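Paired with chain B in one complex and with chain C in the other, chain A is shared by the two complexes that follow.
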Partner chain A sequence: MINKFLGFKPDEKLLPSQTVTEDTEIDLSSHKYQKIWLGPNHPGVTGNMAIELTVQGTTVMRAKTHVGYLHRGFEKLIERRLFVQGFPTSIRMCVAEPDTNEYFIARSTEELSGYADAVPEYANWLRMLSLEMARLAGLLRGVPGQGGTFALGIGVQWGVYLRDLILDRFEELSGARVYHMYIIPGGVRGALPDGFKERMEDNLRDIDDFIIRIKKLMFHNSVFKQRAKGLAVITPEMVDKYGIVGTNARCCGVKRDVRKDNPYLYYDKLDFDPPTATDGDVYSRTWIRWQELIQTVDLIRQIMAKMPKKGDIRCKMPNVLNWKIPKGETYVRLESGRGEMGMYYVTDGSDKPRRINLRGPSYNHAISVLEHMLIGQDVADVHAIMVSLQTCPPEIER
Partner chain B sequence: MSFNLKDILTPFTAWSRVVKEPVTIKDPFTREAAPRYRGFHDNDVQLCIGCGSCEAICENQAIDLVPIEGVEGIETKSGDSGLRPSIDYGRCCWCALCVDICTTDSLRLTNAYTWVDTDPDNFIFTPGVTPKDWYEKEEGWRKPGHGYEFYSHERVHMEELHADERKDSFIEFVKGYSAEQAKKEADRCVACGICTATCPAHMGIPEYIKAVRDDDMEHGMKILYETNPLPEICGRICTHKCEDVCSVGFKNGSDPLSIRWLKRYIADQIPADVDKYKDMLGTGEIAKNDKKVAIIGSGPAGLSAAHYLALLGYNCTIFEKLPQAGGMMRYGIPSYRLPYDQIDKDVDYILSLGVDIKYNVNVGTDITLEQLSKDFDAVYAGTGLHLGRSTRIPGSEHENVYQSVDLLRNIVTGAPVPVEKKVVVIGGGNVAMDITRSMARLQMEKFGEVNVIATSLEDEEHMPADREEVVEAREEGCTIIPGYGPQEVVITDGKVTGLRVWKCLSIFDETGAFNPKFDEADERIFEGDMVIESIGQGMDLSYLSEEIKSKIEFGPRGRILVNEDWQAKGLPWLFIGGDIIEGPDVIHGIANGHRGAQSIDKFLNEGR
Partner chain C sequence: MKELIEKLSSKYELQEVVYQRDNLVFAAISKENAIEAVTYLRDYEGYTHLVMMSCVDWIEDGKYQLLYLLHNPKLKNDIGIKVYIDRENPEMVSAHHLWKSVWTYQREMHESFGIVFPGSPRLEENFVVEGWDETPFMRRDFDTHEYAEKTYFPRGNRKTNDPAEYMRKKLYPNQPVTAKQRKDDK
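Presenting the complex of A and B:
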């Protein structure tokens, strides 16, 4: 319709003659197709990965995700280090929300060595606070970032500023802005600084204001609606087939949230209801993430109100240099901003983990789901679809 | 899709932001980081002891310990490796684990975070030594506190008999660790090795502590015997200089490792069976050579020399003037601290290596040193300090004034020991505490009550005795009054009735010479029917004939001068060791006995 409005008439001969599916045959020697590499060095790609696109005109006929640009063997690096030395490496497996991985290492070692119940209550609340702050920081970039994929850059600037304020809070809580290294086996590495809650509340008020502004900017925006609605629909049938989790599953009405389904830390003491939508398209995904933004702000307020005023931040544990953990295995999971994540952790009685394996949602979302969903889409939407799935390569290449 | 005018206009509300102040920081270089920020390292190098725990925990191997000797303005101290951490910022990830484990709290991260340099090599630096402008910054990452610690600061308590149960008995009162307790205590070690450097025998402490953690007692024993053939004895009565420097105990409120008790724990786990010992230590078959070494005295030095010489294949004969082996360990240390069966356990194994021992032989009278030098290829003398020293104050020649060494020996041999209702002991060292506590026990046996006063020149803080000795003596009912100098043994009607003392103001003068100053106005009389002097011991060198004396050299206070191989200067076949050279204490004796054995080996192999 917009083409009619603008008086634009594409040359039908250049367009694919049929509905494109995974089974559509492609004869590369016919000279009708072109291969494009999106990434690994491309401002629109979510990190160090590449998509090899086979296009006809501007229609994507095939998509193949390529990883391997960032592989440093994080898991192996951790397996060669003492239990206490794992967390500073684990965070490199997720730049946006590194705290989740710190939690995995801490919780797995605690469970396997019998200290899971010894972690002080205060420390567990602080863990929850830092996990929610990380989610908030991620959403502050992710929600306006979806607008950015349609060239709506201004929201990104607002979001990044507010994210920086949350990073300021991280800085005073943990001593660092991006790689916090805050959650450690046995507890956390710092008590809540004086005046933290007040400063956080100031930031949250700014974010409240931002939430309204971004709603006006993106969700009352005909361009955004035009491009995002109906784009790259996830159906409830796909959810189990592809192992889709988090907001990507909730956007089509499948309500999955580890915080609710399998509460960890003190999430059962918090009052919240994960938002869902029904359409399953890019718009719905962005919309429920916007609602999550509201919810996360509220959760941080609840945590700050409910947590104890003070307490120990780490339980007494064996000397970190001599710490050995008996033979065992565990799988720890949580709800990250990108959906359910987990870590499989095996110990063999020595002072180092025998095997660790991080299972991040991007493994499915950025490979099987993305490769499937891009078929038949316009090249101009590839970036938006990718961002809407919240793909994050370090989770794939651990 | 339908259009909605609102959806076209609303996004333009974003223009309202144009009139807002910008939020960006104009000059990021002046932005202060948070007070807890993990920025660049600083180290208080005067406080740091170079324990290397920071190096051990760094997961990026960013830290290297480098010598700081010769760096201006930095002095190393005792219990200091002389090394300091240098950090490679090409590897560091600013995790601050190094700060969190630092045993002295000397290391920290400041909140400085910008550093521009053209030479990449500059990014390897030694915090606190390499000049950097961020050291004056107060803020930054320090150990978090709030119950956060990387190793336990609290020693695992060792069970003891209660003072009431032990004060009338000579049975051992320190019970020893259980396996669980020992492992828990061993867990606290950071394996820095500072203790090894300080131990006179340089025992492999971190390794045997690791053996405790690993529950591998046989390996533990092997390590003990590498440097110390008297583990049961040392595990009980060693003066544990290692514990004084243990980095885990460096900070106030943090206890050092119980190194001594852990050593005892290992030895205690192995039954007293010499065949088992030989099996375990691989000493069943030793190839003998044809050289013979005579050893005078079976104290720590003599036994240690005999052990290592026997392992090297030498035929050793020990000449002991008393009826049993052990020297001061048996005849000077009460059995409540060191039971005789534990001495036997260590000694029996050494003798089982083919060491011959002749008891009740007094070298000098029963056999001359000259004769020994003819019959043997080398002679090792570890004759110890067995003569009591007198204060020489008026009245000290009275018959009811005794020497602690004599009484302690009599307690062991069963010779009569006079026990009076009120006893005064002069001295503040470990031997003084031994006699004080032994007399208390004898009084309990005889009178059912304790009345012993021990007094020393040194004040409470500077008493040379181990702290626990003083505490335990008091628990057992003894009165310890430090800080007084004896002036006279009070004698009334020919009987000792007390000791007159003056408050001691200082012990040494400006030149460091022994020259006590007293406050005559603060005079006290400690009542007592007998006085025991315990102010140190002297050596009895009467076994040296005039001819031998004329060939060797003597230093100050009559000490025999030795070269670096422990050979008496002038007589190459005569090797000297034990308390008459260093000490007095058991571990020095063991250490120089070991080195003496190596020197004898060198001497006897020369020219081969």
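Presenting the complex of A and C:
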């Protein structure tokens, strides 16, 4: 409008092209572009990873994910240790939900050594409880965290407080707050303490209030809605092409949930339906995760109501220090808060695993998907897109 | 799963077929037919989701074992296609044209095992380690302990406890504890 009034005709060639794709040519020597490193030390980046952005003005032309800042060679270190000694190392591969890795190692070793059916029923219910509590602790950070990328910081503080209450319950159950080592081959390490259910119910009531408050804070906020709607859309065609799983797949109508598709533990005895959306944008991903928060609280209540009052917590296992597992291989998977996680476990008949390989959802989400989605976006939205994909670097570099 | 294996074995020579669970089967295919079989499974049998690619070092046989783990979202089952390649001259046909996530796996395997995938994009870029000129670190012949001793000089006055010994005392107090007693056990 102002240009029309002044009679100014800008040279279109000098302006950023409107549609930027992966094929758009970039000549760095033309001085039209700039390189920006986002991370590895940046409050908005999820964990220690860096994104190398090539920008023109504020439009992202290229993005490259750099990982390796957390690499400690966990998979290699586990190859040098006895089966049971792999536990303390494996849980550090995923800080947000370490219980998933405990389950993988416990389940794989049980399956390969023929103890899969020997695990007592009570122990399996406790495993499920601990996995759902881990999901809840992850979502209490993840859902308000999405608001945090659009400057709604207060929700994160509420979430961290409530997550701490769940960590208190973990401490009661396992003796540890973050890395629990609760699920072990043959069962779990301890029974439910007296009064646990009442204290958990108290916390869940607080979380019920939080769910309503976070809805008002985020989904009733016009800035959040305007910025998140239509941002970084995942289409159903992308799901298989890029290996997208979990909430990121469900946000565009592709209903994938390991708990429903390949039920493990007693998930087939619980009544739930994974939420889906159709838009595939940041808004619908956040909306699904908010609904998952409600669902997880409900699942914990269902588990506590349906589980037996008491029972054996583990079956009799061989001496773990002289434990040899016959040659074999397996893949065990579960649905984590971020999507399908799994572990490829190979044994060679010795007392140590031959190879373990973790399949984390972020391996695809943070590299091929993120690099593709950032192209053509505004620099200010990069954090929002990254958090909406729930990227977690430790499971990439292991 | 049995029908699928029968179909596959009519087209390709399968080895080491193992039904691990009702919904998981592993089978080995020759290096020449592997990518063709994976493409067939993706396009005609509905195994559209690549769960993961992995590599195992069988140093005693002089082979690397590659794994293409595929999932069928309709039938909810998985098939693991295994390929054995020579360890001395590790080279495999790239599958980056099949899924957009494959090049990342190949880039990682190139760095951690030294396997070459000709034509795979950004293969030479660093993945998790920068400026690494030792043996690729996931190979069985790379000794992490020896590397740590060599790179980070030993610190004096440092006591180390054998975790296995500690666990033995804690978990099995009535069983022999010392190394000599353990030897006698065996």
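What we mean here is this: the second predicted complex is superposed on the first by the 382 of 398 C-alpha atoms of A that agree within 3 Å, B and C clash if a C-alpha of one lies under 4 Å from a C-alpha of the other, contacts with A are read in each partner's own complex, and residues count from 1 in each chain.
Operating definition for what follows: contacts are C-beta pairs under 8 Å (C-beta built on N, C-alpha and C of every residue); 3 or more make two chains touch, one makes a residue touch a chain.
In this text, all values refer to a predicted model and were calculated from it rather than measured experimentally.
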Side-by-side fit of chain B and chain C on chain A, or clash: clash
Chain B versus chain C as contact partner of A:H372, first or second or both or neither: second
Which of chain B and chain C A:Y179 touches, first, second, both or neither: first
Partner chain in contact with A:R141 - chain B first, chain C second, else both or neither: neither
Touched partner set for A:Q85, first chain B, second chain C, both or neither: both
Which superposed partner A:R189 touches (first chain B, second chain C, both, neither): first
Chain B versus chain C as contact partner of A:R301, first or second or both or neither: neither
Which of chain B and chain C A:V320 touches, first, second, both or neither: both
Touched partner set for A:N357, first chain B, second chain C, both or neither: second
Residues of chain A contacting chain B in one complex and chain C in the other: 82, 84-85, 319-321
Complex contact set, residues of chain A against chain C: 67-68, 71, 73, 75-77, 79-80, 82, 84-85, 111, 240-243, 256, 261-262, 319-321, 328-331, 333, 340, 342, 344, 346, 354-355, 357, 359, 363-364, 367-368, 372, 396-397
Residues of chain C defined as touching chain A within the complex: 18, 20-21, 23-24, 26, 48-52, 54-57, 67, 69, 73, 76, 78, 80, 99-101, 103-104, 126-130, 137-138, 140, 142, 144-145, 163-164, 167-168, 171-172, 175
Residues of chain B defined as touching chain A within the complex: 1, 3-4, 6-8, 10-11, 13-14, 17, 23, 33-38, 53, 56-57, 59, 93-97, 100-101, 109, 141, 144-152, 187-191, 213
Chain B-touching residues of chain A, taken from the complex the two chains share: 1, 81-82, 84-86, 88-89, 120, 152, 154-155, 158, 161, 168, 171-176, 179, 181, 187, 189-191, 193, 213, 216-218, 220-223, 225-226, 229, 310-316, 318-322
